[in-house]
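Chains: A, B, C, D, E and F, in written order; residue numbering restarts at 1 for each.
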Amino acid sequence: MKRILVINPNSNAAVTNGLQHCLAPLQIKGQIEIECMTLAEGPFGIETMLDAESVVLPLRRVVLEREDADAYVIACYSDPGLALCREATPKPVFGIQESGLFSALQRGARVGVVALGTKSIARHLPYIRALGLESRLAAERPLHLSVAQSEEAAAFPRIEEVARLLVEEDLADTILLGCAGMAGHVKRLEDALGVPVTEPTQAATVQALGAVLLN
Amino acid sequence: MKRILVINPNSNAAVTNGLQHCLAPLQIKGQIEIECMTLAEGPFGIETMLDAESVVLPLRRVVLEREDADAYVIACYSDPGLALCREATPKPVFGIQESGLFSALQRGARVGVVALGTKSIARHLPYIRALGLESRLAAERPLHLSVAQSEEAAAFPRIEEVARLLVEEDLADTILLGCAGMAGHVKRLEDALGVPVTEPTQAATVQALGAVLLN
Amino acid sequence: MKRILVINPNSNAAVTNGLQHCLAPLQIKGQIEIECMTLAEGPFGIETMLDAESVVLPLRRVVLEREDADAYVIACYSDPGLALCREATPKPVFGIQESGLFSALQRGARVGVVALGTKSIARHLPYIRALGLESRLAAERPLHLSVAQSEEAAAFPRIEEVARLLVEEDLADTILLGCAGMAGHVKRLEDALGVPVTEPTQAATVQALGAVLLN
Amino acid sequence: MKRILVINPNSNAAVTNGLQHCLAPLQIKGQIEIECMTLAEGPFGIETMLDAESVVLPLRRVVLEREDADAYVIACYSDPGLALCREATPKPVFGIQESGLFSALQRGARVGVVALGTKSIARHLPYIRALGLESRLAAERPLHLSVAQSEEAAAFPRIEEVARLLVEEDLADTILLGCAGMAGHVKRLEDALGVPVTEPTQAATVQALGAVLLN
Amino acid sequence: MKRILVINPNSNAAVTNGLQHCLAPLQIKGQIEIECMTLAEGPFGIETMLDAESVVLPLRRVVLEREDADAYVIACYSDPGLALCREATPKPVFGIQESGLFSALQRGARVGVVALGTKSIARHLPYIRALGLESRLAAERPLHLSVAQSEEAAAFPRIEEVARLLVEEDLADTILLGCAGMAGHVKRLEDALGVPVTEPTQAATVQALGAVLLN
Amino acid sequence: MKRILVINPNSNAAVTNGLQHCLAPLQIKGQIEIECMTLAEGPFGIETMLDAESVVLPLRRVVLEREDADAYVIACYSDPGLALCREATPKPVFGIQESGLFSALQRGARVGVVALGTKSIARHLPYIRALGLESRLAAERPLHLSVAQSEEAAAFPRIEEVARLLVEEDLADTILLGCAGMAGHVKRLEDALGVPVTEPTQAATVQALGAVLLN
């Protein structure tokens, strides 16, 4: 029995529960368990650079302490601590922005990202350039919602509105949800839009699943 | 029970067998079957543009005929017919160069590709630019071997030599095998080099596995 | 007497006639003949990837069979079979998208492309990236017309409207017609807009003319 | 009768004669005359930025004075005054670096440029970036020769040596001569190398020919 | 006592006076004098390529003649003659577009440039590409004003309107004034907008100040 | 009297002393004081991602606590905490890699960076891409020395050797020292090489000086 540890770096348990639910189809009975945990010392939502920074060393500590896991997923779209955790362990560690972008780009030519707010977008753009993917980005557009708000069912119409702008105005043909909090909306959004919608924690966990099965 | 169909577009059954073997760990008993098939009308190796072109419409035909499959992998590093097959079916179709590059880049910053020959490299470079990934490529280097030769155990020392140049001269920190024929060498090469080595048909099949499990 | 063979890969003879007419000024009496031919097995218009793919091997066959020609132009804006035909013959072969972009960019800094539809644009963008020209593209905008419709005089107002948006909204200062079907509109459009308008089959045939004269 | 005026901005008449000779095949009896002229106030060779700068305003003056010409070619690889002359006249003006690069890139995927010296290369690189073509450049390599030296037959072995390095070390598959002075070597070099070699003044004059014939 | 010579290449003394005023805080009593001079032979405003070109050799002459200066700033946003002057002297020479962009990009992620007109923008874009900074440009937008008009107090509302569009429509988070004529508006604009506004002659003079102090 | 606080994030006081010495020429008597401080909780050298990460929150704390400073310089070439500190204070904060690259690129076309080791280079490259400056990088080459070793006089011959390779092999025409520890070598290296050498803490402090004088 092998284990993928998905760490929600914010301390909002509703988000962790949403992830556990949306990752359930990737569990393999008797072979692969997926455990979603909440980072106790995380802020309630990661919305500023300070929020993101505050979880970096705690994430590294979890990765080192939880030796029972075979692969790790950092379930915050800013990929906090990703490079650091990779330095710390030879086991595979995945970040949801990186995996989400790569996965969405296998389902279309130009990716549109539904982001929480303009500050998130300012954090994401240099990272997308660092990943070398700038030429594949149609646009990021902000919801102007907090992590917690984006998780609620009531957020759906706003999420759909923004995703539709990405498709119609920015010519995106593949949509990526830019926060783990929106995991519960993925199916409904894909049905509504008619273009592929990628949930990034699923994308990273698929990578982790492959790494664990192949090792 | 769901099925991933991995199509080897060349008619070299040894390559197909090699793939079946290296993909075995990704099968999930009672849930996901992975079938590797040889494209009957394919050339013995895909080494020219004409070779690649000759399998495009046959691949599309297979994708349409094999309705029993839930996802498809085109197991030739030139990704022949990938866009065309995606146009033809709403089911997920993956190409091994695209998936291989995206997967290798989640294991390092600069990817080095072990290619069969200089003509392959000339085909790959514009495609890497089209994917927007040029800035992440350390280099491609040629083996000067045919598909069939690259599959044999005797090819290993040459593969290792070229991969080592990619690491030492071109500063690659993640290696990608640039032909499905080399699938059998992946573990041994990773052990010898000490840097991650990605086998691209595995990478594409992991994507297919995720897509099938999540749908 | 030397001959440039311009192959219209769709089977719409009105398009071929339009090309013959717009290329007439490039014929040189007693020295260079320009022959426009219709590809018999081509679809009536090339609007999907399957349309484009279906003419690739037939184009190669024509290039090999028509040994009496000294240079070839593939007169479909998707440049189907261009790399393949270049592999097949040492004689010069030109594609109208490639030549059209390079020519338009010698008449301005930012090129705007009048495309048939959004699917065409999706096919063109990765190719423009592969050509390395993405930074010079102001935008592509769709007519939402078929090849046959774009050829008719009635299409002019729509073509002008879209070209004007490329100039005024996207700051293009040089316009490229994104389909051989629009060849008949080039002069009138240039007069109406006041910026240079490039007809891509003319651009490719100029390259062919130079290659034939210099050889 | 129409006229293309090719202006050699240096005052070395041997270079002008070499151009007249290599452009002869592009003349069309009774229709297009090609006149190569030496810029009287040009330096003997254009090797520094001051050399290039010193011809800019004189080139503009010639373009305005020679109203009898229908198109102009500036035959110095630094493209001095190109933008300025285009601002000054509605008639077509071509620069040999711009046309040479675009033409060479229709004969291969990665262009290698044979430059006179390292100072020339330093001038060319930002311009290639400004043209947006950086990703298509295999490399530039210096001859360490003056314009006048590069024109002489004795320079051939050195030119061949450098071109061969561009092909073998830098993986160029299309070669561009980076100075009008080398015009006389183009055929011999192409025969020796076995890859296409583009003479840039020919490339620009082909563009001028097309523009004149089509207008 | 060391001296920084700031050369206003247009002959509008009001612009020179504006510069002297806005650079006053960078003078260091008893140590560094900043002298702003008007180029006598410059046009009244630099608005065309011919205007820019006409000052290049005169700027070089001033740099060579004014041996009493320890560093030079060319205070026209087109950076006319920058490379040429650097070739002519071992002393540091700075251009205000280059310094302005680099400085603005240390105060935000995406720079928006307030330009005089669309012709200025056409001149700037290839230069920004040559500098390699294209990916950091949010947009340039035109005032549709002359240099002299932009200098007047009455221009402020229009400058503010355009800067606000750069922030709100183009998502710029750092603003750069694209002409030395606007120097007098910098403080007021920064207060009005709430994002950093860079005056480019100040930026270049800071570089000159550093170079002089460190030498 | 205004104050620029230069924070050396490692706890090696010899490095701090070296900085104080090399920044002395930028102090302005009676007007600007430059204070170099050692971060008490920093590691002895910043050589891993963990080292860099460990100083991020402490740097932010110093910036907030030291309200008497008017501008801040983070004197570690990894620019740890730069974005975070900019989020935390409205006062100007500069990072030495960012300022160093921008400053070096005003002294040449292609920058070569002398780095401590290959791990540093792996950290720098994605950041250079995020800055959008990749096309201006000639290369980074490793010294294979620690911060402390690079600071000693005995390191000079190795630093010179690596810088010379950057110039001769990688065609850099401007050199940047990739660690604050090498500050003491800058003058001697510039004299030895004959190309400009930028010391990045000086470059960042010049920016801070300008910001303080202009505010």
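Annotations for the structure displayed:
Note that in this section a residue touches a chain if its C-beta (ideal position, glycine included) is under 8 Å from a C-beta of that chain, and two chains touch if they have at least 3 such contacts.
These figures come from a predicted structure and were not determined experimentally.
In terms of the distance between Cα centroids, chain E is separated most widely from B. Of all residue numbers that take part in the contact between chain D and chain E, over half occur on both sides, making this a same-residue interface. Chain E and chain F have Cα centroids separated by 26 Å. Between chain C and chain F, the centres computed from C-alpha atoms are 52 Å apart.
Our note on geometry: chain B versus chain C, Cα centroid distance of 34 Å, whole angstroms.
Residue positions 126, 129, 131-132, 134-135 of chain F each touch two or more of the other chains. Taken as a contact graph, with one node per protein chain and an edge wherever two chains touch, the assembly fits none of the named shapes, being neither a line, a ring, a star nor a complete graph. Listed by label, the pairs of touching chains are A-B, A-C, A-E, A-F, B-C, B-D, B-F, C-D, C-E, D-E, D-F, E-F. Contact residues of chain C toward chain A in the complex are 118, 121-122, 125-126, 129, 134. For chain A in complex with chain B, the residues that touch the partner chain are 25-26, 28, 31, 92, 94, 98-99, 102-103, 105-107, 131-136, 202-203, 206-207, 209-210, 213-214. Taken in their complex, chain A has these residues touching chain C: 109-110, 135, 171, 173. If you check the complex, the residues on chain F that touch chain A are 48-50, 53-54, 56-57, 60, 81, 83-84, 87-88, 123, 126-127, 129-132.
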